[in-house]
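Some structures are shown below for you to check.
In what comes next, chain A is part of two complexes: it sits with chain B in the first one and with chain C in the second one.
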Partner chain A sequence: MFGPKCSTGRRRDFVEGTLRRLAGTMEYATRADDSAEHAGLLQQIDPRVKLGGFLLLIVAAVTAQRVGVIAGIFLAGLLLALLSGVVRTLTKLWIGILVFTGAIVLPALFTTPGLTLWHLPWVGWAVTAPGLHSAMMLIVRSETSATLATLMVLTSRWVHLLKALRVFRMPVVFVVILGMTHRYIFLLLQIAQDFFDAHRARRVGRLNPAQRRHMAVSSAAVLLNKSMQLSSEVYDAMQARGFRGTVYTLDEFRMKGRDWGMLAAFVSLAAAAFWMGKQ
Partner chain B sequence: MTTTPIFELTDVTYSYPESTALDGLSLSISPGERIVVLGANGSGKSTLLRILAGLCFPERGSVVFQNQALTAESLALETFAQDFRQRVGVVFQNPDVQLFSATVFDEVAFGPMQMDWSKGEIIERVNTVLNDMEIFHLKDRAPHRLSGGEKKRVALASVLVLNPEVLLMDEPTAALDPKSQGHMIDFLFDCIGKKTVVTTTHSLDIVEEIADRCIVLESGRLAATGSPADMLQDHALLERTHLVYKHKHRHKSGVVHSHPHLSHDHHHRAIE
Partner chain C sequence: MHIPDGYLSPTTCATLYAASTPFWYTALKRVREKLSTRLVPLLSVCAAFSFVIMMFNVPLPGGTTGHAVGMGVTTIVLGPWASMLAISVALLIQAIFFGDGGITTFGANCFNMAIVGSLVSYFVYTTVSGRSGITSPRRVFAAALAGYIAINVAALCAGIEFGIQPIFFHDATGSPLYAPYSLGIAVPAMMLGHLTFAGLAECIISGGVIAWLQHSNVALLKATMPTDDLALGGGWRLTRPFWIGLAALMIATPLGLLAAGTAWGEWGPDDFEKPEVRQEMAAASNQIAPPEKVPSGMERLASTWTAPFPDYAPSFLKSASLGYILSAMMGIGLVIVVGLFGERVIRLGKPEVKPNMAS
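Take a look at the complex of A and B:
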């Protein structure tokens, strides 16, 4: 496997590194489905309410013009994460976004014209008030939006989210394709991992860059072939069970009292954020 | 009194670009028969199942399903296609290709939804089948996260939910642990007198339990047909069609082993 335990301290090649990260993503997705089974607050809520509510809050966070309002939405998300037992999973996300967004907005601190707040020691670069404001806005918005979206994924089963999409008039074909893509991407990743494990098991020493490129290209071709073969077999299996081009779903969601309560809370919070977030 | 065959294949030939899978095969399958199709890899077993399932069509010869020709044109007719798909179920060798829905419940409900059943009818029937197959506890799980044995059961449930008259099963015990194999064999044994079952397999040790008749394929042609006991005793045929292999080593008893999969009795019968 390409998990962290296999690390030898040597620099890994690109293909292996990519697969290791993909394996990590698979584990993350698996954990997301597991955390959706916990007995937290959001896990008990109807997926349609979560999808609609979080969407409203994300729009509110993106359109708000005051840092304090966006921070308020973030704190609400943090409270929900605490009550749903998923804070630990979110911390990695926060650090990643802070580093990534921070790197993007760093130049804006010095290049945005306006009132100078202070100068950096040694280099003497001036940090401006508008620069600091726009940097904070971008970081807080990114953190808040990503937190809300991840909260929704971590506290809902993927299949329920797909079904909830139908409530928002997402075409059935799109939802079914999304579901099948999610399902078969795991299978193809597993095949890719086995493929590279088998390659590693027969390999002595390290590959030179040309060999790595050759391996990457040939494995991509093999995977493409396999995915085409798989799609043809899946279509056969669907046909064998009567599929004739029409897609159906069985939606079984039922709203309970707490779902209505949470919906009211989401709508109130979003409305307040829209009103208070105006310039 | 003669009964109308479920399937009647006459001089069926089917080729892939690189090889001929079936070469002039003629075969008749009666209602309620349990047939095992034996053959080495590449002998045409899976292609035969695909043709019986109406997933591909012969380039020469004919396939008739209960007095109606099974062709691309006939399956384009909605009424015939719906009737055929409800009456003929296929369990694929690799359950991963058969399990494409988001949950086990949706997977089992896929077939009934194509048949225009009412929502209540679908839910009731799916729950019944999940209970019968002892997989009700898996109903909200994603199929891709199940074990091999569980996947196979879900695949079987997704076919049985339509209560088909004919079951086509491609290597149903392949890659299963002994317990899951046992469940599958029990199921096939229970089909006696209830369903027409066509199974492909390499495992000679299960043949007598799951079949009334054996068909041996060799390079796309019918090499032999007869009762499982007769087929298992024809050691020359089994060896010629690569269904048994004479090991180069000797057993402790001094006997040259012919086939590792045969049960004790069969094994001795085969080497006598």
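Take a look at the complex of A and C:
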């Protein structure tokens, strides 16, 4: 999330660390693709409804100023996750956010001025009511927003989400760039993974710190070089197929009864949250 | 540095979306003009590179690792405008698909990393590298410094965005509704990690990749060379969105008159004597009453300078709204005059160089 992601490199080689991150990203993408194919409730809903509905609910969760209202949106998200069969994938996310945001807001319990609720034993630090309220707001809000955004991705195929962006008048050129970027991310991830795997297979003994830095830098530079070559090749291929700068997408979405129903549910929930979430 | 949803208020998010929009517009227009049909494949692949580079762990002195954003490298290879777009696309995919960074905070993340990061990288790199040769070691130093400073300025922006939340967005009891830490905590907390680990990672990646390209593929470094004909400038046509935005903001300045309450910390010595203002001060300060007497230091220093238009209300204008607009016009005019004067001073004694900024 935010802040540098640092780890002690003495126990774990940086090559292992990078490989783990690359593999983790690819695994997440595969899992998201698989879960989008399940026969759950949200998987059958028109991607335009999901995109609009979830964005509306995220804005409602960010705008609401009452913990109860945000928690209500979270419960609605949880219900949708249960009906769509993606709760297991979301559990990891919830734990991650709880640990991350919890660590960030922990000091706020003691540093926010206000009415003292109780003192920590031994150290005597005072937990204040505004500190506790503020910490709860941030945790519940982060969990809710992340749940809704992830739910949208886990129940939709990426290509369908991209097409749905056109509903919001996003320029078609951006939609195409997003689609191509998504595809090339996996190609470049694979290339990067191959670098590190090949290096690990050929390595004997341990690298010293300067050699490790040299390897990280040269891998990044080679990847950049390959990216630029790839861009030229893709351009040539596009030209060969008749691309002249104008891009088109196929929009074959059709709204059905259940899509309208879900749209009504999203709008009603968001309207209620906007109204009840005011102070 | 990827700010998740929920940490910034909707007002802050909307403001940063609005601040980023003219940059995206100008960048897209500029890049489209230069790249034409190459735009789609080049930006897609560069955004993918920007995404993947954020996954790289970089070994740092002391046995730790950090990860870079790659804003320095992307800017030097693509130029700042294309870099803004490539990093923005990468951030959008991270936000939507991988949940790294929020959707409501996407504008803020782009403002910090894609826009501020790219512009700072460009200006530091071009200023420090000057007219040195394409394979000069000075360019490696300039790239390393550009990456280090850019990521730290971006982190500072994020720290300020976090730090202003409890000041402006809290409930009636004073509980912060969003990021809970004040500027005094948020800025040092953000900067500590970036001045050390993340800054070093960005510095190593930027300097190292440029050094590698100097030996292996010099052509990729031409975009930000002084002789390149791809320029930052472009006259009125390219800067038009900024001027229109500025004019809109200027016209909207009287909206401040509608705001209820008092601007925290902007009180004058005479405000301490007015009971209604004292009440507002207490309400804005968590119900802590202001001192009975005017602080002596404030009283002494308040009289050292008398503003020609106190409270944005020139004495010769009766309408408060017109006073605000006139003050905004004068303020903007003064900033432009000072900027032009500064530019003239910096250029004194230097040979005429065509301004440059790639793509």
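Basically, the second predicted complex is superposed on the first by the 267 of 279 C-alpha atoms of A that agree within 3 Å, B and C clash if a C-alpha of one lies under 4 Å from a C-alpha of the other, contacts with A are read in each partner's own complex, and residues count from 1 in each chain.
Throughout what follows, a residue touches a chain if its C-beta (ideal position, glycine included) is under 8 Å from a C-beta of that chain, and two chains touch if they have at least 3 such contacts.
Just so we're clear, the structure is a prediction, and the values are computed from it rather than from any experiment.
In the three-chain model built by superposing on chain A, chain B fits alongside chain C with no clash.
By the document's definition of touching, both partners, chain B and chain C, reach A:M180. Once chain A of one complex is fitted onto chain A of the other, the partner contacts of A:V159 are limited to chain B, with no touch recorded for chain C.
In the overlay built on the shared chain, the residue A:A216 is in contact with chain C alone; chain B does not reach it. Contact comparison for chain A: of chain B and chain C, C touches the greater number of residues. Within the superposed three-chain model, A:R254 lies out of touch with both chain B and chain C [touch as defined at top]. In the superposed model, the angle subtended at the C-alpha centre of chain A by the C-alpha centres of chain B and chain C comes to 100 degrees, rounded to the nearest 10. Once chain A of one complex is fitted onto chain A of the other, the partner contacts of A:F243 extend to both chain B and chain C. When the two structures are aligned on the shared chain, A:L230 is found in touch with chain B and with chain C. With chain A used as the common frame, the shortest Cα distance separating chain B from chain C works out to 9 Å.
The interface of chain A with chain B overlaps its interface with chain C at residues 158, 180, 182-184, 187, 230, 234, 238-239, 243-244. Chain A meets chain C in the complex at residues 1-10, 14, 17-18, 21-22, 25, 28-29, 32, 55, 58-59, 61-63, 65, 93, 97, 101, 105, 107-108, 111-114, 129-131, 133-135, 137-138, 141-142, 144-146, 149-150, 152-153, 158, 161, 173-174, 176-178, 180-185, 187-189, 192, 209, 212-214, 216-221, 223-225, 227-228, 230-232, 234-235, 238-239, 243-245, 247, 279. Listed in rising order, the residues of chain A touching chain B in the complex are 30, 33, 157-159, 162, 179-180, 182-184, 186-187, 230, 233-234, 236-244, 246, 248-250. Those residues of chain C that touch chain A in the shared complex are 1-7, 9-10, 13, 36-49, 51-53, 55-61, 63-67, 70, 73, 77, 89-90, 92-93, 95-104, 158, 171-181, 185, 190, 193-194, 197-198, 201, 204-205, 208-209, 211-213, 216-217, 220, 286. The touching residues of chain B, when paired with chain A in their complex, are 50, 53, 55, 78, 81-82, 85-86, 89-90, 92, 94, 96-103, 105-106, 109-111, 113-115, 119, 122-123, 140, 142-145, 158-159, 162.
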